[in-house]
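Below you'll find a set of structures to go through.
The same chain A turns up in both complexes below, where it pairs with chain B and then with chain C.
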Partner chain A sequence: MSSWRRLHVKARTGGFLSSTPVTPRHTRLRGPFMPCQSLSTGRSLRKGFIKDLENQLSEMKKKAVDALPGSSWSPVLINPNLPPERADIVIVGGGVIGWSIAYWLKQKERVRGGLRVIVVERDPTYSRASTVLSAGGIRQQFSLLENIHLSLASADFMRNINDHLFVLKEDPVDLQFNHSGYMFLANEQVAHIMEENYRTQRSAGAEVSLLSPTQVKEKFPWINTDGVALASYGLENEGWFDPWSLLNAFRRKAVSMGVVQCCGEVTGFKYKTNVVNSVDGEQMFIRRIQSVKVQMPNSLEYQPVECAIVVNAAGAFSGKLAEMLGIGSSPEDSIAGIPLPVEPRKRYIYVVHCPDGPGLDTPFLIDYSGVYFRREGLGGNYITGTSPEEDEEPDTSNLDVDHEFFVDKVWPSLAHRVPAFEKLKVTSAWAGFYDYNTFDQNGIIGVHPLINNMYFATGFSGHGLQQSPAVGRGVAELILDGNFRTLDLSGLSFRRILTQEPMLERNIV
Partner chain B sequence: MTRPPVHTRLLLYLTQHFYDVEMLLTWMFNRKRTGIQKKNAYLGYAASLYGPQVAAAHFILTLKGGLRFKNQSDWFRANTKGKFSWDFVNYKDVQIEEIDLSNTMVNYRGLENLDTQRSLRTLSLKGCPEVDDWFLARLHVFQDSLEELDISHCPHITTGGLAALRNLKGLKRLDVSSLPRIQSPGLVVILLEDMLPKCDIVATGYDYSFVQEDEESKVQHMQGQSA
Partner chain C sequence: MLKILIPTVMLVVTTWNVRAKWLWPATLTHSLLISMLSLTWFAHTSETGWKSLNSYMATDLISTPLLVLSCWLLPIMILASQNHLSQEPANRQRTYISLLISLQIFLILAFSSTEIVLFFLMFEATLIPTLMIITRWGSQAERLNAGTYFLFYTLAGSLPLLVSILYIQTCAGTTSLLILHYAPALPMTSFADKLLWAGCLLAFLVKMPLYGIHLWLPKAHVEAPIAGSMVLAAVLLKLGGYGMMRIMVILEPLTKELCYPFIILALWGVIMTGSICLRQTDLKSLIAYSSVGHMGLVAAAILIQTPWSFTGALILMIAHGLTSSALFCLANTNYERTHSRTMLLARGLQAIFPLMASWWFLASLANLALPPLPNLMGELMIVTSLFNWSWFTLLLTGAGTLITAGYSLYMFLMTQRGPLPVHILGLEPSHSREHLLLTLHLLPLLLLIMKPELIWGWAI
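And then the complex of A and B:
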């Protein structure tokens, strides 16, 4: 303590000397008055004082460390990974949708640096992210116009990906796109649906063709066409690609444009609540988010980020995020009582090896039984899987693979459709989450009516990766322009959930 | 990978320190892209005035390519300065049978001009720097007529794009020589032959480097022994 007292005294004298009435202004001013400054008697003393203080501080730190042996505690530790305190837009979820939105927001900003965008991702290794654990397909064979248009626009984006996502001094983006097309097989009961879908797809501009079982057999002799009444086959813009490349390309470009990447988990919000009376006299609580609480990984430290707009792109876990704002916690019959109908669903993907399997022209085949498979590389490897029945959904607490499921559900249908697969070996398998929209299995894009600054881009139920470029553009338009400019996605807004009008895909599987 | 020329490297070095240089480079890059896209624009006005044949022919000739109409023996070509004769305007109703677009800047967008040529039999895209997998996927529009296709020396084509040639079942001759981005050319050629059984596939310019690798491993082995 004695050293501190000494310091105090010194500081006082120094202060007095520098603020004597003769030279007060000169010492405070900088620049042209340099000579005057050097004449000031206080200067050398002040310099000594700062030096002294530094010494004192370092000594104090040393003492503190000595007092707490074995601890790496330091009195002035600042986590360098903390997100900034303020931002314009916080995107929760650094999957492909989140980064796509970030990229399009920066792309559409008027002035360089005009928008401060933060992307918060809790797992930078993406070990549980739906994006990188997906099969990576893109197709236009949907029945809803919105989905077809989204997919076509995304294919267009991927075609010109190096015009969009090119970064100076970096290698061009290589998506490893396989233009092998999709092929859907339908039996007699669903053939009429397929025909109808085919007409919709053609009218939307997708290059799809219908094949009879004989034509299928002629084109792909390895398919067993028993029970097949009709097949639809994509000619262009369909296939599969490397999800990680797309995610990384978006991230690289967005970061180069000034988006801040932040590793942490959003654990809470600070919001303001306004009470509004509806026409029916019902009281409603309209919330506005003021700040997002970002918790650092493996620590108790958190940073509130003040922001104007939050984008919920948390994929499979976006339902949890919405719950934090009280969506779905009120009684059933009110608007606030309707939860965000998105939950994680676990899907298995199996890698099988079959040397006698189909060759280079193998499409992404989807059978009417629900089993799909596609080629993986050139060495006779394939990946396959199917969706389980509604009442047999696996536990979503972990990502363990159920190998029984392959033997019971996948293999029989697969071997029936392609007899070559009777002899195969499962070489590996993984599981990933769908951001499953339990209401109608389609994406939810737009603002929640009761939280007027949270935008949703979630619930894509397995189509998120292939639609991400177009969805990102749509959300950026919604935020910056106030409505959709290029593709009208208003059909995918939250309204359909409030009015209980599902937009169901009329698919054969 | 080849190293870029000195001035490009200097500019890239300067981008580390000056935003202006970065802007300039981005601007130059965009300008180049727009230039290519402009060259490949759809000639809708010409197509509406003179018909799709003439528009397609004009498009090919402005790209310094060549074409031959059906039942004609002589080719229309642009000379080295890019000048060409306008006689093709007389062939309003004749389909184009052969197109030579080798070493031109044709890309996916430009292909829209050729969409209507349903009796196209030969297409040469040798050494086109802008032809990529998406371009090959689009070739399905010629699936009923195309017999010969030359995509050799195209720097952007990968195996994923070759899979898209599955739709061209009438193909009789395919040249896939010297595609730098094909990783295991031996296997790919075998798979291509499987996919297009009626087609004669030419694939030269690859070192099927089994022998070379053996030698390398031998050298390493010997080094290991001497060490």
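And then the complex of A and C:
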């Protein structure tokens, strides 16, 4: 009887619709007592046959569901990475500014699905993006009111980040916001500027305090207060955080709200030009972008995305994007001749290890010589750097680090200020670009006068990351409400560049 | 009849033979002349029955307004398409215009046919040029989806219609509309006859569209280029209404019982689509859903089969055709400038386009059925005849009218009033062509206030 069942086994293995070869089963009955095997092979085989049948049925059902309308299968094979043919707003640049604008646009759209927003980023690894290579600090110690308000609003956003950027069923956002504050040190010559800035900052609502050298020595005994006349210490809403977390939080939330993410490079625009005669008789070409040409990475394939508005959040590479539209290519003395004054500037950051260094409550210290450092992690590591002189700007064609720069320019001042740093070891270093506004080193937010539908949010020169939530909100208000609502950022518009009136910060890093 | 049809056929020849520089002016003039000629159909010397009669085609008091509307629409479509086709090569422009003209020919044949079979053939034939226009000249990847929905919804409804027509032919011996009125009534007693009833009407209900089977309409309207949207909204939907009007005659006495679910669906659709319109962000989608709502009223009116309701349905069809087409043209003027159909991004336009704002105002008022425009007259007659049929319907039609007014005003206020965003300032000024286009839409509507007898559909 059992031998007949074994024959039966051999004939029916494999199922009647599949083409698997018949394999002999090993469940041969060896005796009447089989403690670890089921005694009846027939039942398990019947089950196996039914399971096979069920598998096949579910496969057929899947195929049918794919072919029926309502599924995404289509007979025409389209590259799934291509951006859609039409979007309402195209944000060029997937850094923290770009994603912040995308999030705020979706936040303000009033009806679900009211706006089609796509963010175009050419490098999904963010290997050259300023956002992730940033030191990640946030401070309110600026001299311009707009900057202070932007940082305050952004700090408030980041403190309550899970009220804004929490996505259901995902982990809450953790920015690793170290609230250790910034400390600026001023010498005799610039102490009065620091005092004026302090008054501006306090009136704007920033929690900053002024400290004398003795107070500094009391608070932070590891500082050498030689040459320091005054110090400005941020008590609240200042410190540093993880830029990658902020970027990912914005991106995750924006994608969950329906923003389309596209990996590609913007290589051109299709625009319509109107010739306009200005009051002075000057002929101007007013352009209106009709579509953005997005090219796929490592390919000749491109997709023209028809759009109503383009936002230039390309950071260090915004100047190149503006050139595609002819900004800056006309003769010098016309409005069209003024280029977008944003160019990449390379800055180095060195990671040093000093076990006897300042403790855990060390603030982000910025000396009047321009050298800065902050604690990184809890293992005695610090990151440090400085801005090079105007005429010694490093080459921006690559992100290679110049270690000589550390030895020549950073270490001496650093060791002078913090004697413990005389003995340190450079464990790592990286370089990143500032989207440096060569005009006045402050952000440019607003529409270009000659291009009707391109909004700029670039040129933040090293403080873009810390202002990104508030900048995103401002740009979204500008686009959707027609004007700024919560913070008046009209001082940062293009106007100052056209009238050549720089809004300079006094004391920058 | 032939003096309209032959010039329309020859218009195709004109399109292909005229020089590229004169393509648009020539076709526009030619089609305008044809439409002027078609106005002679309005002169009904015989107060009942058929006019311009030959064996296959005739005009009737019901078909005349629709015929004149279709003939009127061709020059308007050509005018509207001129801008977005200007960048295409000449042969493609000619193809596009030929598609529009072929649509025109099919529509004239459909509305003027005396045989139901010819009507059905033309009903199906209009699908082909429309499908070509939507899928080839529409502007998004979704247009393939839209074309599929459009084609298969209509075809699925038409197959039962074909079978029913053939059955009528065998049963009554003829499908000629001239004779069917006098033919002995079909025995409508068995269950199969109920299926016959449904089969006859389903295709037209899908085309109207009726609320439950309306899904093809927003897709088709949104993805189609401007001429496609115009012809869809203005005339192709009315094919459904006209077909229903013609075929209801032979479907007695079943209609008295079987019409209930469809009337309820249609009236419920008025409220539902109105509510959907209030939440729309896409301008063309809003206008498309409003079409569904208005046609729901028309469908309900035709199903109750009273003289007043037929009149109301006919008036509303004509008025809605002109109004909806005008709204699509206005949405297109927006779209051609900002390249976006999202209403959020094109606001406060009254400040920069004041004359266009007045056309927006008129078209929105027409959409919400402001007296003394024929839109109101049609709606009023439908509402009163429905109320006479059952007073419950007043709740639905009243609420529907309220919501219609709500979303029409919402559309007007969103696009014209409000803060003007910065990126709107540099838009191109309005072209005279666009103003002419809208005048040609709204002028007939305003003139019809004066002489509504033209579109009443009954003898004076």
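In the analysis below, the second predicted complex is superposed on the first by the 430 of 509 C-alpha atoms of A that agree within 3 Å, B and C clash if a C-alpha of one lies under 4 Å from a C-alpha of the other, contacts with A are read in each partner's own complex, and residues count from 1 in each chain.
Definition applied: contacts are C-beta pairs under 8 Å (C-beta built on N, C-alpha and C of every residue); 3 or more make two chains touch, one makes a residue touch a chain.
Predicted model, so just to flag it, every value in this text is computed and none were measured.
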Combined model on chain A where chain B meets chain C, clash or fit: fit
Which of chain B and chain C A:Glu85 touches, first, second, both or neither: second
First (chain B), second (chain C), both or neither touched by A:Glu236: first
First (chain B), second (chain C), both or neither touched by A:Leu300: neither
Which superposed partner A:Gln176 touches (first chain B, second chain C, both, neither): first
Winner by number of chain A residues touched, once chain B and chain C are compared: C
First, second, both or neither for A:Asn274, with chain B first and chain C second: second
Touching partner for A:Gly113 - first (chain B), second (chain C), both, neither: second
Partner chain(s) touched by A:Ala67 [first = chain B, second = chain C, both, neither]: neither
Nearest-approach distance, in Å, of chain C Cα atoms to those of chain B in the combined model: 16
On chain A, the residue positions that both chain B and chain C contact, one per complex: none
Residues on chain A engaged by chain B in the complex (per definition of touch): 159, 163, 166, 168-169, 174, 176-181, 207, 219, 235-237, 239, 359-361, 378
Chain A-touching residues of chain B, taken from the complex the two chains share: 12, 15, 22, 25-26, 29, 33, 108, 133-134, 136-138, 140, 158-164, 166-167, 169, 184, 187-188, 191-192, 194-195
Sites on chain A touched by chain C in the complex: 69, 74, 76, 78, 84-86, 88-89, 109-111, 113-116, 272, 274, 286, 288, 290-291, 306-309, 446-447, 452-453, 455, 478-483
Chain A-touching residues of chain C, taken from the complex the two chains share: 139-141, 144, 148-149, 279-281, 338-340, 342, 344-348, 419-423, 425-428
